[in-house]
Amino acid sequence: MLLLPQALVDGLLIGGIYITIAIGFSLAYGVMHIIDFAVGEWIMLGAFLGLYLSQWTQVEPLLLLPVVFVVFAVLGYLFQPVIHRVLSGKKGNPLLMALVFTFGLAIAFKGLGLTVFGFFSRSIPSAMAADSFTFVRGDFFVTIPVIRLIGLAYAIAVTLALSWILKRTDFGLAVQALAQNKEAAGLMGISAKRTNSWVYGIYVGISAMSGVLIGCMFSISAQMGGKYTVFSFFVVVLAGMGFLAGVPWAAFLLGMVQSFFLIYFDPGYTLLAVFIILYAVLLISPKGLFGKGV
Amino acid sequence: MRRGIFAFWLFIGLMAVVPAFVQNAFVLRIVTELFMWIGLAITWDVMAGYAGYLNFGHGAFFGAGAYTTAILMMRCGWTFAATLPVAGLLAGLAALLAGIPTLRLKGAYFAIATWALALAIQQLALVLDITGGPDGMRLPPFLHPVFFFYVMLAVAAVTFLLLWLLLERASFGLKLKAIREDEAGAMALGLNPARIKIQAFVLSAVPAGVLGGIYAFWITFIDPASVLADIITDQAMVMAVFGGLGTLLGPVIGAIVVFSFKTLFWAYLADYQVLYLIILGVVIALTVVFLPNGIWGTLTGQIQARNALIKGMAIDPAQGRHPEQGADSND
Amino acid sequence: MTVLKLVSVSAGYGETQVLWNIDLEVEKGCIVALLGANGAGKTTTLKTVCGLLPATQGRLYYNGVDITGRPVHETVNLGITLVPEGRQLFGKMTVEENLIIGSFLKRAKEHRARNLAWVYELFPPLGIRRNQIAETLSGGEQQMVAIGRGLMQNPDLIMFDEPSLGLAPLLVQEMFRVIGELHRRGLTVFLVEQNVHHSLKIADYGYVIENGRIVHQGEGKQLAADPTIRQAYLGI
Amino acid sequence: MTEPILRVDGVVKAFGGLHAVNDVSFEVGKGMIVGLIGPNGAGKTTIFNVISGYYAPTRGRVFFKGSDISGLPPYALAKMGIGRTFQVVKPFPGLSVLENVMVASLCRHPRKHDARRHAWDILEFTGLGPRAHDAAASLTLPGRKRLEISKALALEPQLLLLDEVVAGLNPTEADRTIELILKLRDQGISILIVEHIMRVIMNISDQVVVLNFGQQIALGKPVEVVKDPVVIEAYLGEEAA
Amino acid sequence: MKSAFAIMSWMLVALFLVLPQTAAAQRDYYKVGVITSLSGDLATGGNVTKRGYDLWAQTVNAAGGIEIDGRKYKVELVYGDAQSKPDQGASAAERLATQEKVDFVLGPYSSGVTLAAAPVLEKYKIPMITGSAESPMIWLQKFYYTFGTIPPVNYTGASPVETLAALDPPPKSAMILGSNDTFSKATAEAFQEAAKQAGIEIKKFNIVPAGQDLMSFMSVAKALKPDLVAFGGHDEELINLVKALLQINYTPKALLMHYGVTEPAFVEALAKNAEQVYGASVWTETVHAKGDYLWADAAAYAKDAEAAFKVPADYTQAGSTAAGIAFMAALGQIKAAPPLDEAEREALVKALEKLDIQTFYGRLKFAEEGQFYHANIGLSPLTVQIQGGKPVIVGPPSEAQSTPQYPMTPWEKR
C-alpha cells in the first residue's frame, strides 16, 4: 500500500515515454495508413544525433530537441516519396508491401547504426538526469524524477501541439481531410503527396526527438530500435490505429500495467501480461480501447 | 501439370542422391537448413499469399514444435521419431485455438494480434520451468548430417507436395483465394470463410511445428531467444515476398536466393557482417519498390502478360471494340 | 465562350476502358447535363475532367488552357469544383470544418468569410448544425454540406455528380432550386443526373452517354421531348 | 396453396435507430419472378442482404421452402439453394473468369474436375466461354454482370436473387439479359429481382413489391402497381404523377 | 512449374559449386577457428572476444609464431560468425571443422551458442577454449573438448558478497534482481546464494524480463531500503539500473553488479555516477599477475590492448587472449606441429587438462571434474569497485589494492 502513490506516478511517467514513441507513429498511420517498422530505428538515429550534437556543442541535450526535430523532419520529408511509391503500388498488397519495405529500412538503418556508432551502449548526459522531487507524508512517499517529468511534459506538449495543429490550422484540417477521405481531399485542392510528406516529416522528427529523451533516461545503442518498435505498435493499436486522442490513454494504461506488475505482482510476468492484454483488447475491440480507429 | 509433377520428383530425386556425392557435413548442413527455410516460407505463404492474412506469429508454431520435441525427449523419454507427429499436432492445435478468435481480425489487426501472441508465447517460455526458462533446453547430440538432410528434405518435400495437392490440385486453394479476394462475396457462393481460414491456418502450422521438432533435435539446443524469436517469421516473410506471394514456387525460389546470399555472405565476408545488414535491408526495400510481385511473380507475370496479349489479339482484333460483343462462341 | 472542352477523351480504370473518345463542350454561364444509365461513364467523365483519373487519350481544355494530365489539386485551383457522388464528406469533422476545408486553396481562402456566410444563407439548416459531426447529419443535410463545401472553393465551373441521389422528393426539388440559384449567380454548371425530368428542365444543353460514348446531344427541352431517349435510357 | 419457395414475413432491419427496412412481407412462388422496386435508399439491397443471410433480421422471419432461415449464414443458404448477385459486382479480381465460376460450382460438385466441367457449362450458357481464362478484373461492366449471374447460377439455385443485373447495360445487352432471366424462370428457378429500370420489371415480373424509405408501399401485379398513385409519386417523382 | 524447378536446380548446383570444398591439408601454420557473435543481439560482447583473440594472434605472430622444437609456426584465425544464434554457431563449428579443418577453436561469447557449437566440435574431436561463456550450464554438460578461461558466475559471484559481508558494519539487507536471460539469472542466483551464506537478509529477489524499465522496481527499493542492491544483467541494463536509481533518487549503501561494470562502456556512459559501483571480476589491468607467456603482467597487456584497439581492455578481452595462451602452452608441451591430426588433438586436450600456468591474466588451471568441469579454477574471484573512473580491486584482502568505499556517496552529493 505504501507504494501505491509511487506506482501510480511511475505508471504515468512510463506512459509518458510511450506517448513520445507512439504519437507520431499514430499520426502517420492515421493519414498514410503505413505501419512503419522503422519507427524504432528513427528513434535510435535521433538518439545518436542528440548524443553527438551534445558532445560536440557541449549544450544540454534537451535544448537540442528542436535541432534534432528539424534535421529528421527534413529527412522524413525527403524520404516520403519513396514510401508513397510503395503504398500506391497497383500490384499486390500495399499493406504488406509497406510492412516489408519499412522492415528492410529498419534492417538497413540498424546496420548503418552499427557501422557508424559501434556496438556499445551509451547514455546521453543530461544535467537533469539526477534530479528529482520527493514528497513525503508519513510513511507514504512519492519521488518524481525531473527527467521523467520533462519526458511526460514533452509528451503532453507534443500531443497538445499536434491536436492544436490538427484542429486549428488549415494544414491540420487538410491532414484530417486526407485521413478521412483521400479523394475528396484532392477535390479540396489538397495535394496528398505534399501533405503526406509533411506528415511523414513530422512523424520522423517527433520520433527522433523521443530518441534523445530516451537516451537521457536510459541507455542507447544501435540495436535498441526493435524494442521501441514493438511498444510503439502496441500503444498505437491499443489506442485505435490512427486515433490520436487515444494514444495518451493507451500509453498510460500500458505504463500502469507495467508499474503495477513490477511492484505488486511477479515482475517476471510483466511483459507476458502486457502482450496478453494487448491481444485480448485486439480480440474484444479491434479498433482499440476506444473503438475509434480510422 | 504432369510435366510439373515429373520435374518435382526429378528435383527430389536429384536432392536425394546429393549425400552420395557430397559428403561434406557443412554443405549438407547448409542445404538441410535451406530445406527448413523452404518449408517455413511456403507454409507462411499459405496464409499470406493464398488466404491474404499476414501471420506475424508463424515462428511461434515452429517454436512450439521445437519445444514439444525437446520436452517429450528430455522430460518424458520419448524417441525423436515419436515426438514429431506430436509436435505437428500440437502446433496444429495451437493454430486451431488461436485461429478461431484471431482470424476474425483483418489486415494490420490480424498481423499485430499474431505478433502479440507470439511475443506472449516467447515470454511464457521464458518464465515456465518445463521449458527451462531462459536457459533453454539441450537435447542429446545425434548429429548425423545425412540423417537430418533426409528428414528435413522429406518433411519439406511432403509439405510442398501436400500444399501443392491441396492448394493447386484440389479445390481448397481456389476456395482460399476466393476468400482472399472477397470474403463477403465468397460467402454467397457457399463458402464458410471462418472454417476455411482455420483449416488454412492449421495447414500452415502443422508443418512448421514438425520442422521445429526436427530443428530442436538437429541443433541440440533451443532457447526462447532462438526458436521463438521474431526473426524466424521475419525471415520466412522476406523469403516469401522476395520470391513472390500466392504461389508455391515463389517462396521456394525466394528461400533459395535469400538463404544462399545470406550463407555465402556469412561464409566469405564475415568481416563485413554489418554491411550484410545494410545490403540485406536495402535489397529488401528495393525489391518491394521495383519487383512488388517477387522474382517468380515477375517472371510468370511477364509470361502471363504475353499470353494475354496473344489471346487478346485472337479474340478481339478490332481495337476499341467492346470485348463483350465478339464473345458469342465458346472455345 | 467555352469554359470546358473535351476532345476525343478516353479513360478507364486499370485495364478496363470506360470512356471512348468523348467530345463535349460546356459554355460559360450555362447548365449542361450529362445523362445516362448506371455505369455508363458519367462519373468517370467528371473524374477525368477534374484530374482524379488520368485521360488515356485526347485532350481537355479549361478556358482554352490545356489541362490534360494535371493532378486534381491543381485543376481545383483553376476554379473547377466537383461535388462528388455520395457526398464524400469528411465524416468525423464538423459541418463548419467541412466547409472551411473547402476554402483550403489560396484563391478561396481570401473569400472564406463571405462564402461561409453565403452558404449558411443558402442552406439555413447548416447554420444551425455548424458544430455537428458531419456523419451524423441526415442525407439531405449531408448533400447540403457537400454543395456548400463546393461553393466554399469559390468555383467558376461547378460539377455535380448525382446531387439528388437518395433524397426524398421534396429535397430533390430543393437541390434543383439551389442549382438554379447558382446558375443565376453566374456560375457554370455541369450536371450529371439520373433524375431526367428535373435535369432536362433546367439544363440549357444535354448529352446522353451510353457505354462510355456520347450517343445523343441537344438542347435540354429538345432531348426531354425525344421519346426514344426517354424509353431507352430513362426507363419510362 | 403450396408453400412458396420464399416467404418474407414482417421483416424489420434496423441499424442503430434507423429502420432501413420496416415490416416487409411478401412471397415468391415456385417458378415466379418477383420484382422488387423502389427509389435509391428504399431498402431493396438491405432486404436482399437479410434474405441471403448477410444481415440477421431485427424482427420478422424469412422462410425458404417452409423452413425458417432467418439468421442463417450466407454460405448455409447458398448450400440450401439460394443464389444471389451483388449490386456492386463482386468478382474475385485476381482469379480467372472460369475460376470465379468454379468457386461456386464447388458447392454442388466438390471435386475440382467436376466443378471445372460444370463451370464450363455455365459459362457456355451465359456466353462468357471465350473469356474463361481472362482475369475477372479485365471484364467490363456488362461482362462482370454476366459473371455475377454465372456465379449465382453455378450454385444450381432454386431461388435466385438478382440485384440490378440489367442496370448499366445498353438496350441490346439488357434484352439479352432479360432473355436469360426468362430462360432461367422456364427452367423452374424462382427469381426475386431488384431493378431500377421499370421497363424490365414490368415486362418480366409476375408480382411486384414496391419499397420506399424502408416501407412496403405496394404489392401486386405489375399492371396494378404501375397505376398506383403512391407508387408513381414515390418511384418516378412527382412530375410523372 | 518445370522451368521453376530447372531454375531451382541450377541455383542449388551453383550453391554447391561456390561453397568451398576441402582446404589443402599441408600447411606450416596453425589454423585457429574463431566462433563468436560478430553480429546480432550479442555482437557487443562478441566483438570484445574477437579483440582478445586478435590481440593474441597478432602478438604471437609478431614474435614469429608458436615455437615447437625450435621452429616457429604462425597462427591464422578463421572466423565463423554465430550471429548470436545457436544454430548459426553450430553451422560455424561445422564449417570450421569440415571446410577449414582448423586445429582448434577459440569459442563463442554466449552460452547458447556454446551449447550448440560444442557438440559439433565433440563430434570432430576438435578442442575449443571459450574466452567468455559464463553460464554454469555449459560446464554441467561435461563437454570433453570444451574449456573456458573465465570461471562461471556461480564460481565468482560469491566473492563480492563476501567482501561486503566482511565490512564493518556489513550490509544487513539486500534486494537482488536479475534480468531473465541465462547469464543474468545465474548471476542473481549466485548473489542470492552468497547473501544467504553471509547472513544478509534478502528483502526481495526477482527475475525481470530483459530490457525492462527498472524505475518502478527501484521505487520498491526505495521503500524497502535495502543496504545492498545487487543486479545481474547485460551492459545496457546495468546502465539503465544506475540511471533508474538516480531518477528515483535512492542510493543504497552498496550497489553490486557483475563483470559488466569493468567494461569501459559502463564508466564512459555513466561518468561520475559509475563511481563506487561494485562488481565481480577475475581480472583488471591492475591485478597482480605475473605472466610467463607473451606479456609479463596485466599492465603490459593493458598497454598493448589500448594501443591496438584504442579502448581499455576488460576481463572478457583478457580472458579471450588467455584462451589463446592456454592453447599455445599446451601445444608447447605436446610439441605438435601444424596441422594437428586427431591423435594430436586428443593429446592437446589431455595437455589442457594438465595445464597449470601463470599468465598476465592470472593462473590458468582447468577443473578436471565436478560442476566446474573444464572451466578455469586457477583464478581467485575478485571484488572490484569503480574508483576514480577505473575498476579497482577491493577484495579479497589478499588481492586488494584499495579499501572498499562504503557506504556509497549519495547521488546528489557527487
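So that you can tell them apart, the chains are marked A, B, C, D and E in the order they are listed, and the count of residues begins at 1 in each.
In this text, contacts are C-beta pairs under 8 Å (C-beta built on N, C-alpha and C of every residue); 3 or more make two chains touch, one makes a residue touch a chain.
These numbers were taken from a predicted model, which means no experiment stands behind them.
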Topological distance between chain A and chain E, in contact steps: 1
Taking each chain's centre as the mean of its CA atoms, the one lying farthest from the centre of chain C is chain E
Averaging each chain's C-alpha atoms to get its centre, pick out the one most distant from chain A. D
Rounded Å distance, chain B centre to chain C centre (Cα mean): 50
Chain A and chain B: spacing of chain centres that average the CA atoms, whole Å: 32
Here the gap between chain A and chain D, centre to centre from mean Cα coordinates and rounded to Å, is 50
Rounded Å distance between chain C and chain E, as computed from the means of their C-alpha atoms: 75
Residue numbers in chain D touching 2 or more other chains? 138-140
Return the residues of chain E touching two or more other chains; collapse runs of consecutive numbers into ranges. 39, 41, 43, 180, 209
Where chain A touches two or more other chains simultaneously, the residues are 114, 268, 271-272
Per the touch rule above, chain E residues touching chain B in the complex are 1-2, 4-9, 11-12, 14-16, 18-22, 38-39, 41, 43, 79-81, 83, 85-88, 90-91, 94-95, 97-99, 112, 115-116, 119-120, 122-123, 135, 137, 141, 180-182, 185, 209
Complex contacts: residues of chain E adjacent to chain A: 39, 41, 43-44, 47, 177, 180, 206-209, 211-213, 215-217, 219-220, 222-223, 235-237, 239-240, 243, 246-250, 265, 268-271, 273, 411-412, 414
Show me the residue ranges of chain B that touch chain A in the complex, using the header's touch definition. 48, 52, 54, 101-102, 104-109, 111-113, 115-117, 119-120, 123-124, 126-127, 230, 234, 237-238, 241, 245, 274-289, 292-293
Would you tell me which residues of chain B are touching chain D in their complex? 169-171, 174-175, 177-178, 180-182, 184-193, 246, 308, 311, 315, 322-324, 326-331
Contacting residues of chain C [partner chain D, same complex]: 14-17, 37-40, 139, 165-166, 168-169, 172, 195, 197-198, 210-211, 231-232, 235-236
